[in-house]
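What follows is a set of structures to go through.
One chain, chain A, appears in both complexes that follow, with chain B as partner in the first and chain C in the second.
Entry: the complex of A and B
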């Protein structure tokens, strides 16, 4: 098991940072009433961990016993889709945006069915449904969710998790208690890394921990993964140990360099291969687009930067509304190539 | 070590038929008192609870309390291979990972052996409060209903136990 998952605190008492937030969550866990909640904040800050710890405080250790289930449903176009959900005896957790453009169906059928029936057994009169990535839900799905939240409060409480609150519609936000889980500071990450190192019997020098914490972009999950990768790569960690970047990041960096060096249809085909490689390895298309855009920006002049960024945001929007990701990623690469080529030709005229 | 032998094998067959549409995976909890299964469907709308007492079996032995996790589709397929008149025997080792089923035809001319790998299913047991108003619709089913509490439909199984279905009440729209 990865260190990230092994050393994740299971109860509110085990959390090591964001003290005032933990106090609020404990108060909520021990009271009889639980409102609808919206956990928001940057990725790797501990939203999911705190959500599970809160559920444990509400329902007891039974929530840790999880099973994976899959629900299938038919779309109007007669396609059958299956969506995975994780359930314990007291709560169900799912990611409705995994259904892509059919997320509205998931909300209106699956979630409404769960919410509209009372909880069977259990000490509290309500069950909890945890929804991940609500900011990736379409507007219609979010609107459907709003009615469900309003009507079935007595039998079902919803806990929504998202990174960006602005993508959640206002009516949904107003029906929940918003809980902000900020990114941990570099010092907090370093102390967590040292604590994990102690548990794994590996000496983590403070300077190394600090450099890892800085390189992770204040994302604790990433920092722990980088620590594990470093520990596996070198026998002993010192202050001088190299911080290894993840291989997909290096791959995207190489791709960016290649596109900047040569702009041609042949290169576009090479880029297509690389993009497919990344997609096959389950790197989300939005992550690919963002990293590629940022790496490209570093290599070009200021004049061109705003064109590239507006193209990137245009294709990112297309990624969310479309159904096949490779089209839009390749379109962005082609757009960059044509803009850059035009810029270079104009420079020499 | 868990062993159970049931002369009336059709009981197990029908039980699994009844379960497999509702739940995909469940645990058989064996103790010295008998077998019990408690499983919720994936939407947490209904709960199915089966209890089979040890004295209803011809031979029942359970040394330690064990939970055998099974996939209901697979177990259903295995039980389809048994005739209604077969004698069914179940066996499981203490730390083993498989459940052995043996079907013997009544005149001993056919014996089938099946082994089903078990799954690791972690599930909490839910305590359900008893309902008060029970009406027996006849010798075969008892329905209990109370406002705001799950409906219980109970089918006793001859001499050996019962199977109960709990159905969660749907929330009424206040403005209808």
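Entry: the complex of A and C
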């Protein structure tokens, strides 16, 4: 088991940062009622950890007995799709956006089913449905969610998790108590890294911990993974120990370097191969685009940055609305090549 | 084992092949109604027969029998009808089956076929045994075989995919009872392939002919092979054919209508797909191709029919024939049908003697084959610039919208192909960027078109997508790459999607084993790369990879997987090391 999962705090008392938030959550956990909740904040900030700690405070250790389930749904067009769920006696957790365009169906079915059985054996009269990645839900699914939510309030509470609150429709946000979980600061991450190091009996130099925290983009999960990878790679950690980057990021970095070196139709064909390779390895297209855009930003002059970021945001939208990702990724690369080449030519005129 | 259905070549009326003979029900009934009136003028004796139905038979029985004359199960009623009625109520394509001399096939092709027949008759180990006769619809494949076989005194045993062993649907009828199509047939209990096998094995030995046939010479005609989808069945069919080829004592002719663009040669691959590798490569197999019928030949054949069926002659007839030939270029069957239609209309309209000046009925769309159309769109050739024009480029030589719309490929495939191949046709980065942007627009439209087709009532403006796609390269490519041969291979988009899905399953499986409860996206982006470092043994997945060099994908995939198994991210590392060597 990875350190990230192994050393994840199980109870609210074990949480190490965001003190005021933890105090509010424990007050909520000990009260009889629980509102619908919307946890939002950047990835690796501890939303999920706080959510499960809260559930533990509400229901006791029973929620730790998890089982993995695969549930199949039949769509109106008679297709069956299987969705993985994690469930305990008191709650159920799923990522409905896995169902693609059928997310509305999955959300409605699951909540209806949860609500139709009265909670038994718990001290609470309701069960909880945890939905991951609500910001990736379609608008229809979100609208459907808001009705379902109202209808079954008596027997079922929802906890929604998302990284971007602005992609959640207004009515849904108004029905939930929003809980912002900000990214931990560099110092907070460093202290967590040191604590984990102590448990694993590894000395983590403060300078190295700080460098990990910065390199992770204040993403605690990634920082912990980096720490573990570094610990595996080298016998003793020092401030100079190499920080391990993810392979796909290095790959994108190479790609960014290549297309700033040469701009030609032939180079686009080379770039296309790399994009395909990333897609085949299941890296989400939006992540590819974002990472590529920000790596490109480092290579170019300030004057050009605005153009590139506006192109990136345009094609980000295209990725959401279109159906074949490679078209739009390629169009972004071509756009960059064209803009950059024009910039270079103007410079030497 | 039921004996194969003997088909005497002299009784065969089949000008139209299986497709013409199988579905003339609606057309034939039209012909009998409208044509009957016309007959009055010419042949008063038979006028009554067109409306009269023999009282002894059931009303519906005469049509299937006359439209499918090759069936031996001809009801007794039709034989009592006057001969003229069958010609007036049936299609001319079947009633005017050509003799060898009247065949609308080029004389050299007829000779080629005859030489196959004669050389197959000589008992030598190298003599040919099977002839694959290819050609577009209506080029006279079947007519050629029937006419030439009849002239050379062969008896034709014919198989097509509607073949049923003679006993299978008559077993529960008392002998001599008229065949009644309104009665449901007993369900087929055997597969088409089994029946094909039953037909083939006695037929090739030439022993199970019915005693009525006097001539010993037999020709086996496979008008079509059983219609098969699944690979194992197709393989069995091919092996049946191969064993027939090995043991046959009679010449076999296999007809195949290829729908490729006219003039295109059948590739070895297509032949292999049709007959199987073994048969296609055999020393006993010959391939012959009938080209679309030349206009002069077609016109001559049509004239003979028109003169026998109508009183029209001289220049009105000539004009009509020109018109008909243009409506159905190179297709004898369609041309004869068209002629029948035109003449029937002429007869029906009182006082109308002149043929219409323009084409009045359907005809067919002239569509380019898939790859040809793509080549047009990608090359985007332009004509010369008209004098004193302000434009920089000449006009396009084609209409992009028309090319896209009449193409037989679906819009998403066209989009994929264009996007895959377009960069090779550009030299300028800015122009290519414009093309990519427009392809991205087009993809958006096409995607919407297909995603929302079944859900929303509003039809998405397909025209936009068509126009955008068609004009992508033409509009943006001001300085095209010099034209050269560029192979158009399949875009790897679909294969890559499949691989991505397979990889996803593997990664999800690993995620479950690792007990990680994070979402899939964050597992792939964060956890998985580090897990490869932390616990390489546990997290090594044989993930598929995108291999360079499109066409080689399938072949090299096994090798790639092997490499990846040894080191899950060998490909990514390779690339990075390679590029770190650069002086940057």
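We adopt the following convention: the second predicted complex is superposed on the first by the 318 of 349 C-alpha atoms of A that agree within 3 Å, B and C clash if a C-alpha of one lies under 4 Å from a C-alpha of the other, contacts with A are read in each partner's own complex, and residues count from 1 in each chain.
The definition used in the following text is that a contact is a pair of C-beta atoms (placed from the backbone, for glycine too) under 8 Å apart; a residue touches a chain by one contact, two chains touch by 3 or more.
Since this is a predicted model, take the numbers as computed values, not measurements.
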Review point. Of chain B and chain C, which one contacts the greater number of residues in chain A?
Key: C
Practice item. Considering only the touch criterion stated at the top, classify A:344 as touching first (chain B), second (chain C), both, or neither. Key: neither
Exercise for review: For A:27, decide between first (touching chain B), second (touching chain C), both and neither.
Suggested key: neither
Practice item. Examine A:154 and indicate which partner it touches, taking first as chain B and second as chain C; both and neither are also allowed. Key: first
Check your understanding: First (chain B), second (chain C), both or neither: which does A:177 touch?
Key -> neither
Check your understanding: Between chain B (first) and chain C (second), which does A:13 come into contact with in this model arrangement: first, second, both, or neither?
Key -> neither
Review point. Touching A:207 in the superposition: chain B (first), chain C (second), both, neither?
Key: neither
Exercise for review: Determine, under the contact definition given at the top, whether A:334 touches first (chain B), second (chain C), both, or neither.
Suggested key: second
Check your understanding: Thinking of the overlay built on chain A, is A:195 touched by chain B (first), by chain C (second), by both, or by neither?
Key -> neither
Practice item. Report, in rising order, the residues of chain A that make contact with chain B in one complex and with chain C in the other. Key: 66
Review point. What residues of chain C sit close enough to touch chain A in their complex?
Key: 412, 415-416, 419, 423-424, 426-427, 429-430, 432-437, 439-440, 443-444, 446-448, 450-451, 454, 481, 492-493, 496, 499-500, 503-504, 507-508, 512, 514-522, 524-527, 529-534, 543-546, 548, 569, 571-573, 575-576, 579, 582, 584
Revision key, fill the gap. Within their complex, chain A touches chain C through residues 1-2, 4-5, 43-44, 48, 66, 68, 77, 84, 86, 93, 95, 98, 101, 132-133, 219, 221-222, 225-226, 228-229, 232-233, 244, 246-248, 250-251, 254, 257-258, 261, 263-266, 268-269, 272-274, 276-277, 279-284, 287, 315, 318, 321-324, 326-328, 330-331, 333-335, 337-339, 341-342
Exercise for review: State the interface residues of chain B toward chain A in the complex, per the touch definition above.
Suggested key: 24-25, 40, 42-47, 121-128, 148, 150, 166, 168-171, 173
Review point. Which chain A residues qualify as touching chain B in the complex?
Key: 62, 64-67, 69-71, 85, 87-90, 92, 110, 113-114, 116-122, 127, 151-152, 154-155
